[in-house]
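Here chain A shows up in two complexes: once beside chain B, once beside chain C.
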Partner chain A sequence: MAIVKATKTPVRPAPISETSVFGWLQKNLFSSAFNTALTLFTLFVIYLTVSGVYGWGFVDATFEAENRRECYDNSLTGACWAGVIDWFDNIFYGRYPREEIWRINFGGLLLVLWMAPLWMSRVKGKILVGASVVVFYPFLAGYLFAGGDKGLFMQIMVSGAIVAFAINMANAVVSVLRNQGLDAFVIQSLGKNTAPDKTQRNILLLLTAVTFVAAFLWQLSWTATGVSWTKWGGLFLTLVISGIGIASALPGGIILALGRRSKLPIVRILSTGFIEVFRSVPLITVLFMATTMFPLFMPEGFVLNKLVQVIIAVVLFNACYMAETVRAGLQAIPKGQFEGAHTIGLGYWGTMGLIIMPQALKHMIPNIVGSFIGLLKDTTLVSIIGLFDILGMLRSISKDVPWLGLHKEPLVFGAILFFIICFAMSKYSRHLEVKLSAGRKH
Partner chain B sequence: MSDKAKTKAEVRIRPKEEFNFFQDQRVRSVFYQLLTAGIVGWLAWYLVSNTAHNLEVRGMNTGFGFINSSAGFDTDFKLIDYTPGIGTFGDIFIIGALNTLLISFLAIILSSFLGFFIGVLRLSSNWLVAKVALAYVEIFRNVPLLIQIVFWYIGVFSLLPRVKQSLDLSFGTERVVLNNRGLYMSTPVPGDLFWLTLVAFVVAIIGAFLYRRRAHKLQDASGKQTKTLLPSLAAIILLPLIVFLVTGMPLEWDVPALKGFNYVGGTSVPPSFLALLVSLSIYHAAHIAESVRAGILSVNKGQSEAALSIGLKPGKVMSMVVIPQAMPAIVPPLISNWMNTVKNSSLAIAIGYSDIVSLFMQTALNQAGYAVEMVGMTMAFYMFISLTISFFLNIYNKRVQLVER
Partner chain C sequence: MKLGTRLASAAVLAIVASSGATVATAQSTLEIVKERGHLRCQVGNPSPGYYNLDSDGNWYGLDVSVCQAVASAIFGDKAKLEIQSVSTQARFTALANGESDMLSRTATWTMTRDTQLGIDFLSPNFYDGQGFTVRADSGINSAMELAGAKVCVTTGTTTELNLTDFSRVNDLGISNVTFEDYNVRDDTYLNGGCDAVTGDKSSMAGNIASFPVPSDHKILPETLSKEPLASAVRHGDSAWRDIVQWSIFALINAEELGITQANVDDMKANSTNPNVRRMLGTEGNLNEGLGLDADWAYNIIKNVGNYGEIYETYMGTGPLGIGIERAGSLNALWTDGGLMYSPPMR
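On to the complex of A and B.
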């Protein structure tokens, strides 16, 4: 007779060492005498650091004061945040006229709105959205920030930007609400969805042209007051320089990377030389070269302002780093993709533009975000050559009479600000990396 | 039927291409290259001719003659003899270059050790330690180096006590003192027979090396393990010590002494040096820690499990199995970090440490005004360093690849 168990053995609960907090603590913090000692020591160090920082930065700190003396009257050992708070506007906007600051904020808001559709899953044609940002936004933002008289070119570009922005917004709204593109929606509401493709295209073109004319007439009715670049500063200037830097470094980097991988020896040697020269010297030497030698390079009587010199230097420098990022991205594309493209009869530019680059760029996004973080941090160097970017502003607090000698607090504030921005971006780029590599299992 | 098949086959064969000047690949390749070379050449000519014209109009001096003319300014930190007014701009270049190399070298060593340490801590089984290491990495990587440098300089080293209240770092002997003017250290002054001690030291090292090689050979041949570490260490320490004592301790110390308002004697480094060294080391250690961690993680887990299962102790698993395999993944980013350390040492200019950029590219340039030459020389210096380092990196990479396959 076989012994058969009639009932199921009840499931035993997991051992307490696996489920309880104590089990976790035991395993991760107190697994051995040495580990226990290490944990206690680390806790002690953390306590010292945190209590020191907390005492200096919060408990003993002064948040409201007229000048540094009042801070000292309040507490000798605490931070004097009042100076930083007093300079808040300067830290973020530099010496930009206070009544015009809304233009900077508005420009920032426009960029956020403009790029928001890139993160909406229902919106189609994201490449167009991205391209419209790169092509039109700089002109609109540039005019918003600098102001002054619009030349004809600027009038056209600003109108174009307004049209692109309006279409983009309308498209996003229609996509989210009705899950169809703006073009399809317009055709449908006009009842022309049975009309031939050519008619439909003409209708859309006509509507765009009408919008453009309207925008052009509208922008004639206003002008923004001119603000000289010397008034630009603070975090705003840092973002302008690094924003232009990354936006122009990308196309430059793509060209240089293609040049470096080219089969044509002269093109290859020139690109490689250019990349290696700029990659082997520090950014500060390039900035110095820009300020001391660019004036010599220009034809007589042609003066570049310092901001433009710096931006050119930053763009050249970063294009070379970007080129290496792009090259790494290109190398990761399997050879079969090139061969496949050749097989269907595509030439060099067709292969690169339609097959290789779209794939490579997609997978380079995390690295591009990484480069942007690096560039943002590097942009603080422009304070050395006398631009008042965020670091320049932070350091001038100590030269302001009421806050004479206030060095530490502004620097700590700047460090925290940069940490928040850079840390958030690097977390995001890591998230992207995981997301993109998940869909890339081949 | 066969006719039909034949025509089909004939159709499939690509007709022999006729030579078409505009479609020929070689012609096009030559054309594009000439076009590129032409544009670049024209741009270069344009810039050079503009520069030449501007230099002439502004009456600026050109040529490298200034290298031998005397520079009228002094620097607070120099490794070679230099007197302002007598020393030349060439000397200034050398002083700056040596200062850059010195600070980079020290920062590289410190950041590598600290980085390896933090990188290993990142993988610690102790949760708290791993998180603290993570916090270190994230905090110091995400704050611009320049802010860190300025902070260490203004917020720490400039706030040290004054000369009279110097901090004594040598436990009451006043051999190493720290104050807001810098760090003052005693310098050893070798006596007559001191060279014998050095010789003994070198001999001991060579001896230890040979002994170790023999031990390895013995192990390969017979499997017997000999202890090498203790005898080697003993030889390296004891032999020079005995020689040193026998020759009558021919070594004296030049101790910094407080005279008037400052310390005199010994060696001293300015606060800017210390601030730059500390911030460079901390910043780059955070980067190195990440590459060390990635390198160790890149080694297959099976490797350490297998090593443990044949009875190796955890320490040996790390040093004999994991680290050697992780090295090919660690070394290239490590060396590119070293290169960045050299380049980032140029931020010295923000706090006035006399490195090549602040001394030669700024002070000297402002004084003498040979913009093109001086900027060119400074960039050439950095390029030379980078090329040298990447040359050795390439050699290493080739060797590693050969060993692998």
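On to the complex of A and C.
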């Protein structure tokens, strides 16, 4: 006879120790006398830390005071946040003229608005949006921040940026409202959607040209007051340097990495040499070379903009690191992908641009974002060569006579600020990874 | 990294020093400055009393005032000035390579620097010296009683070497506790990590003022070293050197003659004292040798005040001052027994 049950055994609920909070606690924290002691000890340490920080940073802290002596009068042991608050403008904008600070905020707002369509799923033509940010935004923002006289080139680029921004915004609105691209919408509302492609293209080009002329004439009517780069500082300067570094390190790195893997000996040797030289030198040495040695080789009295020198140094340095990251990504692509691309008749650039890079870059996202975060933090080295980036400003608070000796609070504030920025970048990269490798969880 | 930067800056300095003589000056510094329209004056990372940033992003301090004085002498406008903040490692290189027109920062005038780095020091605008801070209740009244003490000191400066020398010469067996950052040094001292702190007396006064209870600490009377803090210019342009030097002398001379920011207009219009009239340009031709306007000294005093006023504002007891007593110190006027002395302006 067989031991067979005719009915299905009823499903029993999981034991209480597996489902309830107490079960979890018992299993993970209090499973033995030693673990119980360890748990209690850890809880005690956490309590000490949290209550200490809370007491120092909030309970005993002073948020409003004229100088550090007033903070001491309030509490000898609490934090003196008043100094940090008093220095907010310096920390965020550096020595930028206070009545012109809106230009920095406006520049930041423009960037957010410009990039926003990239995250909207219904927007058409995202590649064009991305390209317009890279090509036009730096000029518009650069002029907005630096001001002064616009040369003809700058006038053209600023007008181009205005046109690109306007089209981008209109495109986003039309895409969201009507779920079609701006070009299709314009053609349709002109009733030309049955006209030949060539006519349609000419109409669009004509409209763009008209907008450009209008923007050009409009921008002639105003100029922004010049602000010397020596007044740039704080978080603004940090973001400018690292922003430019991040935006140009990836393309630079891709070019260098391809150069290093090239079959052309001269290209390969030059790329390898360049990468190795820059990678074997500390960033601070490159910065010193760029700012102090470089002027020695120039004619007397010739002083190149120090900020430009620093940015060039940062870009080159990070392009070399990025090149190795990209090369690692390229190595990971199986040979079959190259061969497959060749089989369907793609040339070198076609293979790289359409088959290899899209796969390689996806693999590299964690490393790339790691480099970007590193770059953002490395930028604080420029405070050593006399630029008042955010770290330079935070350290200067303790030297300002009303706040003499106040150095812990600014650094704590800076740490929190950097954590927020870096953590946001890190989270975004995770999001990007998941999105790009949807359905391929490793 | 620290060692790397030192090596790099040493190498740079060697190159500058060896090539210093061959850098031919096609254009005088004054011409370059006038053509550019503003003066480039080098200071360092903010240092209380000498050069600081305020919360609105403006520079202030004793050395900044010297920069403003030179800008006033040349342009009649103290705002035609770019303050450059340069790290300690790169300071003399930045002057020698033409990035800065002059240097006005807490640089000690030493023979090596004056003779080997291609720069010229001018007469000091502040005489500092190294001293000790101890707790008032420690019972120590003289540095000679510091036998066996632990002393907090910032590393990489002459301060540390002076301390070691002092301990050896007097056989005190002091142990050095070294720090990179003087804020950390002071925190360690305040938390009982060492018995005394050593540093320049000027900065000690400011630091004590920032301690929770300043009256719990005192500075010992001994001075370990001579620290004449002076401005400097590039070697080889004597005309430019004269301009900076006499701008500084004008500050001191004005104090001696009783010319202040407030009464300079009145003095210029009504004074019968020939010394005042010569200095303010209503008589004689003092300006011609400098190649500046007759109003050069008037503009200095009008824009930044005399040396005594500057001292009171930034080093003395004013709201932005760090509270260093001037009377009886080396920084008093020579008529009060100090070392602040200007050659006659005639």
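The rule is simple: the second predicted complex is superposed on the first by the 403 of 442 C-alpha atoms of A that agree within 3 Å, B and C clash if a C-alpha of one lies under 4 Å from a C-alpha of the other, contacts with A are read in each partner's own complex, and residues count from 1 in each chain.
FYI, a contact is a pair of C-beta atoms (placed from the backbone, for glycine too) under 8 Å apart; a residue touches a chain by one contact, two chains touch by 3 or more.
The structure presented is a predicted model; accordingly, all values stated were derived computationally and were not measured.
Annotation: superposed three-chain arrangement on chain A; chain B versus chain C shows a clash. Within the superposed three-chain model, A:Pro358 lies out of touch with both chain B and chain C [touch as defined at top]. Contact with neither chain B nor chain C is seen for A:Gly148 once the two complexes are overlaid on the shared chain. Using the contact criterion defined above for the overlaid structures, shared-chain residue A:Leu296 touches chain B and also reaches chain C. Once the two complexes are laid over each other on the shared chain, residue contacts for A:Leu264 go to chain B alone; chain C is not touched.
After overlaying the two complexes on the shared chain, residue contacts for A:Lys399 are found with chain C alone; chain B is out of touch. By the document's definition of touching, both partners, chain B and chain C, reach A:His407.
When the two structures are aligned on the shared chain, A:Ile384 is found in touch with chain B and with chain C. With both structures placed on the common chain, the touch criterion links A:Asp86 to chain C but leaves chain B unconnected.
Legend: residue contacts after superposition of the two complexes on their common chain; A:Leu38 is shown touching chain B, with no touch to chain C. Only one of the stretches 44-52, 134-142, 170-178 or 278-286 belonging to chain C has C-alpha atoms clashing with chain B in the superposition, and it is 170-178.
Shared interface residues of chain A (contacting chain B in one complex, chain C in the other): 282, 284-285, 288-289, 292-293, 295-296, 300, 384, 395, 407. Residues 68, 72, 76, 86-87, 89-90, 94-96, 98, 228, 230-231, 233, 282, 284-285, 288-289, 291-293, 295-296, 300-303, 384-386, 388, 392-393, 395-396, 398-402, 404-407 of chain A touch chain C in their complex. Partner chain A is touched in their complex by these residues of chain B: 29, 32-34, 36-37, 40, 47, 50-51, 53-55, 57, 125-129, 132, 138-139, 141-148, 150-151, 154-155, 339, 343-344, 346-347, 349-350, 357, 361-362, 365, 371-372, 375, 378-379, 382-383, 385-387.
By the touch criterion stated above, chain A contacts chain B in their complex at residues 28-29, 31, 35, 38-39, 42-43, 45-46, 263-267, 270, 277, 279-285, 288-289, 292-293, 295-300, 373, 377-378, 380-381, 383-384, 391, 395, 407-408, 411-412, 414-415, 418-419, 422-423, 426.
Residue ranges on chain C touching chain A, taken from their complex, read 1, 4-5, 8-9, 12, 15-16, 19, 23-27, 32, 40, 45-49, 52-58, 82, 84-87, 89-90, 93-94, 97-99, 181, 183, 186, 206-207, 209-213, 320-322.
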